[in-house]
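First subunit A sits with subunit B, and in the next complex the same chain sits with subunit C.
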Partner chain A sequence: MTSAPPLRAGVAVLARAGATAVLLSVVVFAAVEVLPGDAAAARTGGRADAARLARLREATGLDDPLWQRWLSWAAGLLRGDWGTSLLTDRPVADLVLPRLAATAVLTGAALLVAVPLVLALAWLVGTARPGRSRVGGAVLTALAAVPQAVVVAVLVLVLAGLLRWLPAVSLLPPGVPPLRRPEVLVLPALALALPSAAWGGALLAGVVADACAAPHVRDARVRGMPPWRVHRDHVAPFVLAPAVRVLAAVAAGAVSSAALVETVFGYRGLGELLVGAVAGRDAPVVAVTGLLGGLVVVVGAAVADLVALAVTR
Partner chain B sequence: MRPGAGAVAGVVVVVAALSGGLVAPHDPAAVVGTPFSVPGGAFPLGTDGLGRDVLSRVLAGGARLVLLALAGGAAATAAGVVVGLLAGWVGGVTDRLLTAALDLLAALPLLLVALVLAVAVPGGAAVVVAAVAGGAPLTARVVRDAASRFRGSGWVEAARGRGESTGAVLVRELAPALGPLVAADAALRFVLGLQLACTVALLGFGPQPPSPDWALMLRENLPGAALNPAGVAAPAAALVLLACGVAWSALSRRGVAG
Partner chain C sequence: MRHPLRRAATLTAAALTAAACSAGADSAAPEHTDVLRYAAVGAAATASNDPHGGLGNESDAMRFALVYDVLTVAGPDGRTAPRLAASWEPDESLTHWRVALREDARFTDGSAVDSGDVLFSLRRMADKAAENYGRMAMFDLGASRAVDEHTLELVTRAPFARVPEALQSATFVVPEGTTDFSSAPPGSGPYRIAGGDPAAVALERNDDWWGEPAPTGRVEISAIADPQARADAVLSGRADVAGSVSPTAAEQARGAGVQVVRRPGVTAYPVVMRTDRAPFDDPRVREAVKLAADRQQLLDTVFLGFGEIGNDLITPADPSSPDLPQRERDLDRARALLAEAGRGDGLSVELVTTTAYPGMDASATLLAQQLGEIGIDVSVRVEPQETYWTSVYAQSDFYVSYLGGIGFLDVSRIALRADSPTNETAWRRADWERDLDTALADPDPASSDRALGELQTRLRDEGGYLVWGTGDGLDLARPGVSDLPTGPGFARLFVDRVRVGA
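Coming up: the complex of A and B.
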């Protein structure tokens, strides 16, 4: 990619992001459409007779061909018509938008922890002596392999259960913004940040080590340049582009994992809404929340790719 | 760590997780004691919120997760090797098209896809599909790069010069060269499958109570963690051992492959 002209590479990034977004929408919509037992049955709790179910299916458009429903749904989505929840009859936008802000606050808090941690770990492990660097890399890889469910459970067990420093659940009274009760954000933010920080740190440590081994870096050291200047002027510029990509992947991981973490902590964000809607087979809500979360990830990766292109040496 | 020791550790942990249920002292689903008993006496790890034996549930609770991760990891590796070989060995337009398609798949947010799929199909199937969609592109990239490198190498040219068929070159020349690389990669795909399986199970889209399952146990036993911490700590330790053992086996294998 670095060999292509910047403009062409930029267009390729955007085209790939667009294609990914379309693929994502197809996957999401197809998945909610083939589920066994449709929303008409779920909504009536299995008590309605066949005639009533048929009327309900027709009224909600559940009988049209699949592609037609996808097309009208996608077109409606672009017009700002996100449909109504099959379970509660409320507009999907009304359900999703407040959750979006809550999830943005939570993932923002997680990134406040994760980004400095990734960079610190990468430099710590990447610049250590070879033996230590290997051990550090192995430890980070092992930590990154631990399932997030375990991280969540151990954090709650130690910080909430045994030490009682923090609340084990992050339930907020309706109308209270999470920033008014910052203590409920700490555990879920840590649970989101720690696994992805270990993963990102392990990945970036290799890049830092490679950059430090470059001839011009050794050269600068031999010339007697102070270490901090070597890192600022000769190492950091080469780590910048990969770092942007890794940090975008870390952010993407936090957005995806929000479903797990929010559900365990009872934090009313987008992820918790998605999990509840999946369990309740509320197709419009699943589709919009799944797609929205996915689009954040896709757009974030595209922006990171563009920034990385711009700063690549 | 000695090369190979990691691989042995990984295999031992997997086998232990698969066969643990056979030596469980109690029926993992049966109520055998008072709820949240602390470890001791007949229950070395205490009991959970319903009075079931934590040790028996831990011993029996890994098999399904391991099988799912093995299935997802094996399917992702197989698909990745086939596609990667095709792209790397054939090259040209095929390579570019396959690489572009894999890039698209790799850009999908895995966990969200797995969750959304979990409504349409059983949780286990959603995990395997997502593990393949997310893992196969990574394997394919590794195999593709290696295959296209080896294609132009001297020993492959020599084999071709001897008049060996493409199949023979692939099996006799390429497979041994790719083997360690693919083995290390497969371990990482296993870890990915395990992580997905844990998340989907914990969110309630996998095995249903009272089935023992490490991920489900974490959630079930968390509310009583202050009364019997072993209910959470034991399945957590089992999962850490499994994930780290397998991940380390990938690291030590990679060391051998260079």
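Coming up: the complex of A and C.
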């Protein structure tokens, strides 16, 4: 990759991201298909006879083959039409757009905590003396393995239950955007940020330790260069590309954990919508929501690749 | 070298905490008295503006009950009371009903509510029968007509004395010709929509409503799927009322200075035994199961005592439900019946259940233990709730069903006729159905109720339902909240008389 001209390599990265996005749209659309049952059955709650179900399937286009439904949905997306919910006949954009902002704010807040924390933990553990570094890494790995539900429970118990600093639910009055009540964001953002920060920190700490052990770094130290300059000039450049990759993965993790965290806190975001849409087999809503979440991963990976290209040039 | 980073981390944590502290402090004092914040059962994915569909989201149904007028409602005595329909009169044959509407009802867009709007709304419900369980099935709406601006003639498919009851609570009236339900059509009810979306809506009092003005100026309804999150919303002061919480949450709330509002007879987990397939095609096996259940233990475990033990009557809260001696546990008689049925050497069955409602799975596990005492070997299978209603409900031979407090009329239409789409116990009795039709055509409420009670007794003794108990609907409310509805069925949705004290 380093041998190709940077421009061509950059185009290749973007093309790969584009192809992944198209593939992703197929996967998210077909995902509902492999689950048992369909939206017509979910909408009628098992209480409609076969003839009525058949009429409902015909009216909502559920009769058409999968590829045909995907094609007309994808064509609609390109025209800016996100489709119509199979459960409620409401436009998918009406369901998704208000929640997109809410989830963006929540995951943004989570990253605001997670990104500095990943870097801080990585440096703390990566630059510690070998014995301490091993223990620190093990602790981080153990923390990263704690299930999200447990993290939520502990946070709620301590910060909402015992200390009473924060509300246990993130319920917003109708029409009030989350940024006007930032206190409702703290608990869910911490619940998203802490496990992924531990995971990212553990991963990046190794990279930092390796970079610190490189001969030219030791050399610089021996020459009496101040530690902050050693880190800025000799360690950071080598950590940058892996760090961006790890942070992209942390962002992806935050987005995918949002479903559970939003539901538990009663926060009106995309994750909560997705949970219900999957249960109701509402393919257009699942597909748009899944695609938006997947795009975060695809874009994050592409950015990481481009950064890697830029620094290894 | 590590100190700056450490300091930064400490500062970040301190800042977060400080922000949280101040924010938490100013929101902790809800001193309002003119806003009702209701955390209702509902999921964003199914939140709808269409009042004529399945009403699967309680948050939607509650909004419709406040924003739209309905023809009749359940009165305080359980009998039908007028609302948009001011009066009604059948002809001799009980097939043609004249319904007179109030003349002073207006939609929020200023237009008058007339018989065309009502007929349109009823026909739309009939068209959506697949979604609303055939709520209008007893009417021939094609033959029904508008007599004049404020009078309807409703035609029933058979002589039917209970038209006012059939028009109760869910007959939401929208303007004639409404086709676009992507946003909410205008209503003529006690409240109007002031903002938000179907999953979280703000309503304000409709000062042009014909009835007595609602005491609370603003109602905010939030759809929250997670029962514990609903309870937490009230416990942390973020909501005034939480609808339908679990018995566990209700127990916790009792110690936390929060009201627990009980709506009796709302939840039942009847155990379905299909009467057309072995081993439950033998009435002696069904009776043995009914005699072996320890109803008190089930009630105490599943509903934590919030409810009443059942007598195998399918709708014990219905006004027509008969008063019969309680069926007691009798293991000897149960074993004898099994032996008579040729199952004395043991019987193995599978009981299917799910986790859709709190305690459904526990009820199956416990019943399996209890049936073990008479030699029935029950294995319990737990199915995911997403597919339970389409792959187990009305199909398996032996499973835990669910009834959410609907009346006998609705249950009989949905589940007790030979051609009911979800005749889950395979109850096919021509004579029973004939007597049902006769009872429904009886204009005298007392003798009609008696006849319906008789039918419920036969179903109890011969049918395939074990109804071991009914759980209360459990709502949590902050201390100042009063006048929450406690009636059965859709009555819980009409929160337009609720007051919120400081």
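To be clear about the criterion, the second predicted complex is superposed on the first by the 295 of 313 C-alpha atoms of A that agree within 3 Å, B and C clash if a C-alpha of one lies under 4 Å from a C-alpha of the other, contacts with A are read in each partner's own complex, and residues count from 1 in each chain.
Heads up, the rule we're going with is that contacts are C-beta pairs under 8 Å (C-beta built on N, C-alpha and C of every residue); 3 or more make two chains touch, one makes a residue touch a chain.
Values in this document were obtained by computation on a predicted structure and should not be read as measured data.
> If we overlay the two complexes on their shared chain A, which of subunit B and subunit C does A:G206 touch? Say first, second, both or neither.
It touches nothing on subunit B or subunit C.
> After the superposition on A, what does A:G108 contact: first (subunit B), second (subunit C), both or neither?
Neither: A:G108 stays clear of subunit B and subunit C.
> Just checking: does A:V28 make contact with subunit B only, subunit C only, both, or neither of them? Give me first, second, both or neither.
first
> Just subunit B (first), just subunit C (second), both, or neither: which does A:A153 touch?
first
> Answer with first, second, both or neither: which of subunit B and subunit C does A:V275 touch in the superposed model?
A:V275 sits against subunit B and subunit C alike.
> So, A:S257: does it touch subunit B (first), subunit C (second), both, or neither?
After superposing on A, A:S257 lies in contact with subunit B but is clear of subunit C.
> More residues of subunit A are touched by which chain, subunit B or subunit C?
C
> Mind working out whether A:H231 is in touch with subunit B, subunit C, both or neither, as first, second, both or neither?
It touches subunit C, and subunit B stays clear.
> Looking at the overlay, what does A:G10 touch: subunit B (first), subunit C (second), both, or neither?
Neither partner.
> Report, in rising order, the residues of subunit A that make contact with subunit B in one complex and with subunit C in the other.
35-36, 168, 263-264, 274-275, 278-279
> Going by the contact rule set out above, which residues of subunit C touch subunit A in the complex?
1-2, 5-6, 8-9, 12, 16-17, 19-21, 23-24, 27, 37, 39, 43-50, 53-54, 56, 129-131, 133, 181-182, 195-202, 220-222, 224-226, 228-230, 232-233, 235-239, 385-387, 389-391, 393-394, 414, 421-422
> Can you check the complex and tell me which residues of subunit B touch subunit A?
1, 100, 103-105, 107-113, 115-121, 191, 194-195, 198-199, 202-205, 215, 218-219, 222, 225-226, 229, 232-233, 236, 239-240, 243-244, 246-248, 250-251
> In the complex formed with subunit B, which residues of subunit A make contact?
That would be residues 16-17, 19-20, 23-24, 27-28, 30-36, 137-138, 141-142, 144-150, 152-154, 156-157, 161-162, 168, 252, 255-257, 259-260, 263-264, 274-275, 278-279, 281, 286, 290, 293-294, 297-298, 301 of subunit A.
> For the complex, give me every residue of subunit A touching subunit C.
35-37, 41-49, 52-53, 55-56, 85, 87-91, 94-95, 98-99, 113, 116-117, 120, 123-124, 127, 159-160, 164-169, 171-175, 181-183, 186, 227-228, 231, 263-266, 268, 272-280, 282, 285
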